[in-house]
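Labels run A, B, C, D, E and F following the written order; every chain starts at residue 1.
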Amino acid sequence: MDKPAWLIKNGIRLDGRTPGDVRPMKMIAGFLDKADGSCYIECGKTKVVVGVHGPREVHPKHEMQDTKALVRCTYNMESFSVDSERRRPGLDRRSTEISKVSAQALEAAILVERFPKTAIDIFMEVIQADASTRVTALTAASVALADAGIPMKDMVTAVSFGKLYGENGEEVVAVDMDKPEDNFGLADCAVAYMPNIDQFTLMQMDGNLKIDEMRAGMAMAKKACREIYEMQKAAIKRRYE
Amino acid sequence: MALTSEITKKTIIDLVEANARLDGRTIDQFRNAKITTGIVPNAQGSALIELGLTKILAGVKLVVGTPYPDKQDEGVLATGAEMAPIASSDFEKGPPSAASVEFARVVDRVIRESGIIDTKALCITPKEKVWMLYLDLYTLDMDGNLIDAGVLAGMAALLTAKMPTYDAETQTAGYENLTAPVPVNGKAIGVTHAKIGTKLIVDPTVDEEAIMSCRFTVGINDKDEVCAIQKGGVAGFTDTEIIWMIEDSIRHAKELRKVLP
Amino acid sequence: MDKPAWLIKNGIRLDGRTPGDVRPMKMIAGFLDKADGSCYIECGKTKVVVGVHGPREVHPKHEMQDTKALVRCTYNMESFSVDSERRRPGLDRRSTEISKVSAQALEAAILVERFPKTAIDIFMEVIQADASTRVTALTAASVALADAGIPMKDMVTAVSFGKLYGENGEEVVAVDMDKPEDNFGLADCAVAYMPNIDQFTLMQMDGNLKIDEMRAGMAMAKKACREIYEMQKAAIKRRYE
Amino acid sequence: MALTSEITKKTIIDLVEANARLDGRTIDQFRNAKITTGIVPNAQGSALIELGLTKILAGVKLVVGTPYPDKQDEGVLATGAEMAPIASSDFEKGPPSAASVEFARVVDRVIRESGIIDTKALCITPKEKVWMLYLDLYTLDMDGNLIDAGVLAGMAALLTAKMPTYDAETQTAGYENLTAPVPVNGKAIGVTHAKIGTKLIVDPTVDEEAIMSCRFTVGINDKDEVCAIQKGGVAGFTDTEIIWMIEDSIRHAKELRKVLP
Amino acid sequence: MALTSEITKKTIIDLVEANARLDGRTIDQFRNAKITTGIVPNAQGSALIELGLTKILAGVKLVVGTPYPDKQDEGVLATGAEMAPIASSDFEKGPPSAASVEFARVVDRVIRESGIIDTKALCITPKEKVWMLYLDLYTLDMDGNLIDAGVLAGMAALLTAKMPTYDAETQTAGYENLTAPVPVNGKAIGVTHAKIGTKLIVDPTVDEEAIMSCRFTVGINDKDEVCAIQKGGVAGFTDTEIIWMIEDSIRHAKELRKVLP
Amino acid sequence: MDKPAWLIKNGIRLDGRTPGDVRPMKMIAGFLDKADGSCYIECGKTKVVVGVHGPREVHPKHEMQDTKALVRCTYNMESFSVDSERRRPGLDRRSTEISKVSAQALEAAILVERFPKTAIDIFMEVIQADASTRVTALTAASVALADAGIPMKDMVTAVSFGKLYGENGEEVVAVDMDKPEDNFGLADCAVAYMPNIDQFTLMQMDGNLKIDEMRAGMAMAKKACREIYEMQKAAIKRRYE
C-alpha cells in the first residue's frame, strides 16, 4: 500500500465518508450454535466472529475468584486475515495486550458478582482485518454477551478515532479508521464506551494529538458509539424475532 | 466438557439400531453442506463451510519461500488447523492438542495424496524460489466430523484461490488484482464413518462421536481411488466393514464433489 | 537416495523378498530392567526399543479415568536414527499423531477396565529408522505389555503394506515396506491387527490404491501378522525359559 | 501474594478521600525519582531508577541487523520488560505474563510514538544493514507505577547511550571506546493516574494499585502533546476525568523531564 | 517415583559402612561396562553401553553448518542428552529437566575440555562451512551414574565414527560409503564418587544415589590431568576427600579406557 | 577481546593483582525493599543483585517437601550484562545448570528442617558480567539469606580459581578470575566454601589442572573465602547500624 497524497479532502475521506461517519456495519447475533452466545460482525471490510462460553467452571482452578466471575478474553487473528503475508498462527504480544484490556473493558459492564466462582470466556476471531479490529470485536462481544443472557449494567460499544491529513496540510479528527487511515493517519485511538453510564472502559492511543483534538475525538466517538448502540440493540432484537 | 447426556446417548443408540438418527437422517446420509467462498478478501482464497451445524473457515495464503532440498523444483503445501475454544467447550487454549494435530494432518494427507495440487507449477525459480501454499482451517462451531468438513472447506478455498504476482526484483509477492487460478486439478474428498453398536454411520455429529467406538476416514481422489485412510478411536474394524466403508465413501464422494465450486 | 528403475521384478523385490515376505525380525522381551515390561525389536534394519511403565499412578491427576486405565503412548525417533541429516530432538507433529493412534490401537487389546484410575505408559524409542517404524514399534509394544503382565484380549500385531512398481510398469501389492519402497512406492498403509479377534485397530494409509488392491493388501497383511504373532509368542516364551 | 492488608486498604481510602496518602504525599504529587546512569558498562547505555521504592534497571544494546521489508532505511527499536520474581512475590517465573507484556508495550509506545528516536539515523546501509536498538527493562523492586518508572529509566539509558562502531568488513559491531551519542532528540514522559473512590491520584504505589478501580497512562512528547494512552483496570472514566488527567500529565511531564540526564 | 524402600536404604548404609555393596561390589569397584558399537548404521557413529543395568545409547551425526563468529576455523561439538521416561518412572515427559541439562553439559564438558576432539580438523572452509558434530545420548535404562556411562558411550560412538563426504557444489554432506575416522585424539573419562555416611563409593547405582548426601565427578584427560569437575548434591566435601577422589578417579580412568574401542 | 601475550608476569596479573588477591568487593545488604532479604554486590566490574523470598508457601504444590524447606535458585543474566552482543532474555541451559548447583550449595548451609512445607527462593540477577558471576552471586546470596533472617549453620562464601600463563610459559594458579583470565586462562574452577565447617559445597571446573595445582588452588580459594567471609559479616553488620 502506497501512501496517498491526502486522507481527507473537502471534508470527504478516501472512501467517501465524512469525519463522523462509521463504515457500514452488519451484526448477526447467535451466529454460532455451540457457544452460549455469539455474534458475527462486519464493519466495512473488517469481519470478526465472537463466541462467549459461560458462566462455566473455571480451569485452571487457581484462577477462580470467590466473589465474582472471572472474565477472560482471547483476541485472535486468523493467519490469512491480514493483507500482507501470512500471519504466524497463535497469540503474539499484541494479541496478549489486546486480550487483557478487552477483558477489562467488558468486565466493567458485566454483573460479575452474580456469578461467583465461574468463568466467562469471550473468544474473538478476526477473520478479515481492515483496521479497527479490536473495537469491532468489542462491539460484537457485547452483543454476544447479551445473546448468552449474561446480565450487564450497560452495553459496551466501541469505535476508533484518529487524525487524518488533508490536501493542504490540514489535520482532521475522524472516527472509525479504515486500513489506509490506520497505516498513514497521524493518530489512532481505540475506545470502548458505555452509552448509558457515560464512561470509557477502554482507551488505547498512539500517534500525536493535541488536547483539543482529544476532546473533539472523544465527542465524535461518543456520538458514533450511540449509533452503534442502536445497531447492537437491533441485532439482539432480530435474534428473538 | 460439553457432555452428551446419558439420555441422549441412549436415544442415539436406539435410533441407530433402527437405521435412524436424532436429526432425522438415515445412518447413511450426509448432512447438508453449504459453502460460502470469498468471505476473506485478504486471503488468496477462502471458504466458510456449514456442514449441519459444524462451521469451518478455510483460507489460503501464498507466499514466496525456498524449496525443500529434496524437491527443488516444487512448491510446498502446508496445512494447519485449529480447534479453537470458540467452537466447543471441549477445546482448550494453549498448544495444539493431539486431536487438532491429527485433524490438520489427515486433511493435509487427503488433499496432498490425491495429487490434485500441481506443486511443480508452484515453482518460481528452481532451487531458489517457490510458492508456499498455506491452507489454514479454523473451526468456529463444532458439531462433529471436522475432517470431512475441513477437506470440503479447504478444497473450496483452493478451487477459488488466485495466484499472487511475483516481483522478481524484490523477490516478494504482490496481492492486488489477481486473476490466475491456483493450479488445482481435481477435487479430493474425505468421507468418515463411525461405528455405533454394530452399525456404521456416515458423517457423525458431535453427540454421535461421543458414543462411537471408532471411526474410519477415507480420502478419495478424482479417479475414485483411495488416497488416504485414517482409522481413529479404540475399537477395531473387520476387513468386511473396512471394504464396505471404502465403497460407501466412493459413493458419497460423487455427491460431495457437486457442492464444491 | 536415487529413485530405482523398479521396486519389483519377476516377483522379486530389491532386497530379494517376494511380495508377501516380511523382513527378518528379532525380538527380545525383557530388554530393559527398570521398565515394567519391555521389548527390543529389529525388522530388517529398523530397530526400536519399547518400554512399558504401569499400571501406575496418573500424572497429571486430571487425566485420570474412573472406570479404566489411561493408555498413553509416546513414539519418539532418536535424533540420529534417520538416514538424512540430524533430526531435531523432541516430538514433532508426525510423532504426536502416531503416538495418538498407537495408543488407541493398543488400548483395543488391553483389559483396561481391570485397572481403573491408573496409567499404562508405553514408550517407543526408534533407534534406527528404515521404514515401517510405527508398525514395528506396535508389534514390540504388544510384547512389552505381555512382559509387563498386563492382561490383553489378544496380541496386537502390526505390519505395513503398499504398492510397488515393476520393470514394465506393473503395480504389485506387497507387505513390510523398507526404506526405498517407502520413499518411492505408490502407496503405504500401516495396519495393526488382532489375529484372534480378527479386527484392525490401526490403519493409516497414503498413496493411491484401488479397492481391489486394498482387499489384496489387507489379506496379505493379515497373513503377515499371523506370522509375526508366532514370533511374538516365541519372544515371550523365551523370556520365561 | 503480597497482600495489602484490609486495614491498610481502609487507611489508604480514608486518606485519599482527604487528599492525603500513606507516604505523606498529596494525591497529586509524584514520588522522588533518583536516576543513576552508567551502572552497566557492558551496555551501550544504562540507568537504574529509584521511584520511591520501585527500582527498575534499564539497559540499551545496539547490534547489527537487517531492516524490516517495509522500512528499509530505518533502524529498529525493540523494547522488552521483565517483571522478574525478585521484585515481588506477586511475580511468577515462567513465560511473560500479560501484565509484563502490557508493561513492555506501553513503555515502547510512549517512547516510539513521541518520535524522539531518529530511526533513519540508525540505518547503516539501506535495505541491508541497520542498527537494532534493544531497550530492556528489569524490575528489581516493585512498589507500583512501573510504566512511568520504566519510561524514565529507558529514557535515561537512551539519553546516555553511545553508538557502537561498525566494521564494514565483518559486518559486526565494535563496542570499545565509544563516543557518539545515540540519535535521541527529546524526552518522552509517561504519567499514570489511578482512581480510588472518586479521586484521581498520580504515581500510585503498589498498595494503592491493589485498591484502585482503574488507571490511566498518558505519554507526553516534547511538544506537550499526547503521544500514547493506555487505560487499565476494570472501571471506567468519564470524559471530564480523562481530560483532567491529560492536563495534569502535561504538568507533571515538565517536572519529570528535569530529572532526566 | 520408583522409591528405594526404607529397608533397602538401611541395608545399603550398613553394607557401605562395611565397605561392601548390595550388588557384591566393594565400595571402590566399578560395575562391568559392556559396549556395543555400530548399532545405528544411520548414525555416523553409535554405541550402546551397559554399565551394570544402566543402558545409554549414543549416536553421532555430522552435518554441514556455519562456524561461530569467534571461532571461524573450527567445527562445533554439541552434546545433547535425554533422560527419557522409558528409562525410569522418575523421569517425566516434557521439556528437559534441570537434571538432564546438567547431565548433557557435564558429559560435554568432560569430552570438550579433554581436548581430544580436533575441532580445527572439522573446518571445511574457514569462515564459511564447518562440520557440526552432534553427540546425542538417550538413557534407556536408569540404574545410576549416568554421567560416567554417558561419557563412555559418547567416547565409544566418537572413536568409531566416520566422516561424511562433503559435496562442494550442493554444500551438503554425503553419508554413503564412509571410511575416514572422525578426528578424535584420545580418550576422555568421567569418574563419579558418591558420599554415603562417611564413605566415598565409586560408580553409584540408582538406589545408592537415592541415599547419597552428595556426589563428585572428575573428568580425566589422556595425560591423567583433571579436565572437568562437577560436584552435585547438597552436602559438602572436605579438601582431603576431594583430593582422594581425584586420585582415585585417575586410577579408575586407566581401567575404563581399556573398555573403549 | 584479543588474546594477551601473558596473563601474569613477575607474579603480577594484568590488572595488578597478585595470584592470591581477589578484586575489590562491595556488598550492600538490604538493597531491595520488597524481597525478604537482599544484597547488591560488586566484585571488580562484576555486579549482581540477589533477592530472597521466603520461607513462603510452595507453588506448585507438588514440589512441597514435608520435612524441610524447598530451596530454589534462579540465576539470570540481564540481556545487556555481557560484553558481546545482546543476550537473548530468559534462562538458557547454562543458567539452568548454575541455578541447580547454586541451590544445592546454599541449601547445605540453611537449616531447612526448621521450615518444612515452605519454599525459600533465591533470585540472582547478573547486572554486569565480568567473569566469576556465579561465585559472586553465591557470596551475595548468603548475605541476602542472613538479611532475610534465615538461620544457617555457616555462611557460604564463594570464589573462583584458575591457572594463568606467564611471560615465559610458566603456569600460575590464582584466585578470582576476571574476564580476560576467564577467556584465555588454562583452567577455571568455581567453588563455594563454608569457612567454619571447612567444606566445599560447590565445585565446577573446566580446563586442565594437575592434581598439585588442584591442591594449590583449593588452598588459595579457602584463604580468599575467609577474607570474603569477613566482608560478608561486615555487610550484615552495617545493615543493622
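FYI, a residue touches a chain if its C-beta (ideal position, glycine included) is under 8 Å from a C-beta of that chain, and two chains touch if they have at least 3 such contacts.
Just so we're clear, the structure is a prediction, and the values are computed from it rather than from any experiment.
**Q** So if I look at the partners of chain B and the partners of chain C, which chains show up in both lists?
**A** none
**Q** Could you tell me the distance, in whole angstrom, between the mean C-alpha positions of chain A and chain B?
**A** 31
**Q** For chain B and chain F, let me know how many angstrom lie between their CA-based centres, rounded off.
**A** Each chain reduced to its C-alpha mean, chain B and chain F end up 57 Å apart.
**Q** Could you check chain A for residues that touch two or more other chains and list them?
**A** none
**Q** What pattern do the touching chains form: line, ring, star, complete or other?
**A** ring
**Q** Round the ring, from chain E on through chain F, what is the full list of chains in order?
**A** Starting at chain E and heading to chain F first, the ring runs E, F, D, A, B, C.
**Q** In the complex of these two chains, what residues of chain F are touching chain D?
**A** For chain F paired with chain D, touching residues are 32-35, 45, 47, 49, 51, 53, 56, 59, 74, 76, 78-86, 89, 121, 123, 125, 127-130.
**Q** Can you list the chain A residues touching chain D in their complex?
**A** Chain A residues touching chain D: 93-94, 96-97, 99-101, 104, 107-108, 189, 194, 197-211, 214-215, 218-219, 222.
**Q** Quick check on the complex: what are the chain D residues that touch chain A?
**A** 98-99, 101-102, 104-105, 109, 112-113, 115, 214, 216, 221, 223, 225-239, 242-243, 246-247, 250
**Q** Hey, which residues of chain B end up touching chain A in the complex?
**A** It comes out as residues 2, 39-44, 46, 53, 55, 57, 59-61, 63, 80, 82, 84-89, 92-93, 134, 136, 138, 140-143, 173, 175, 206.
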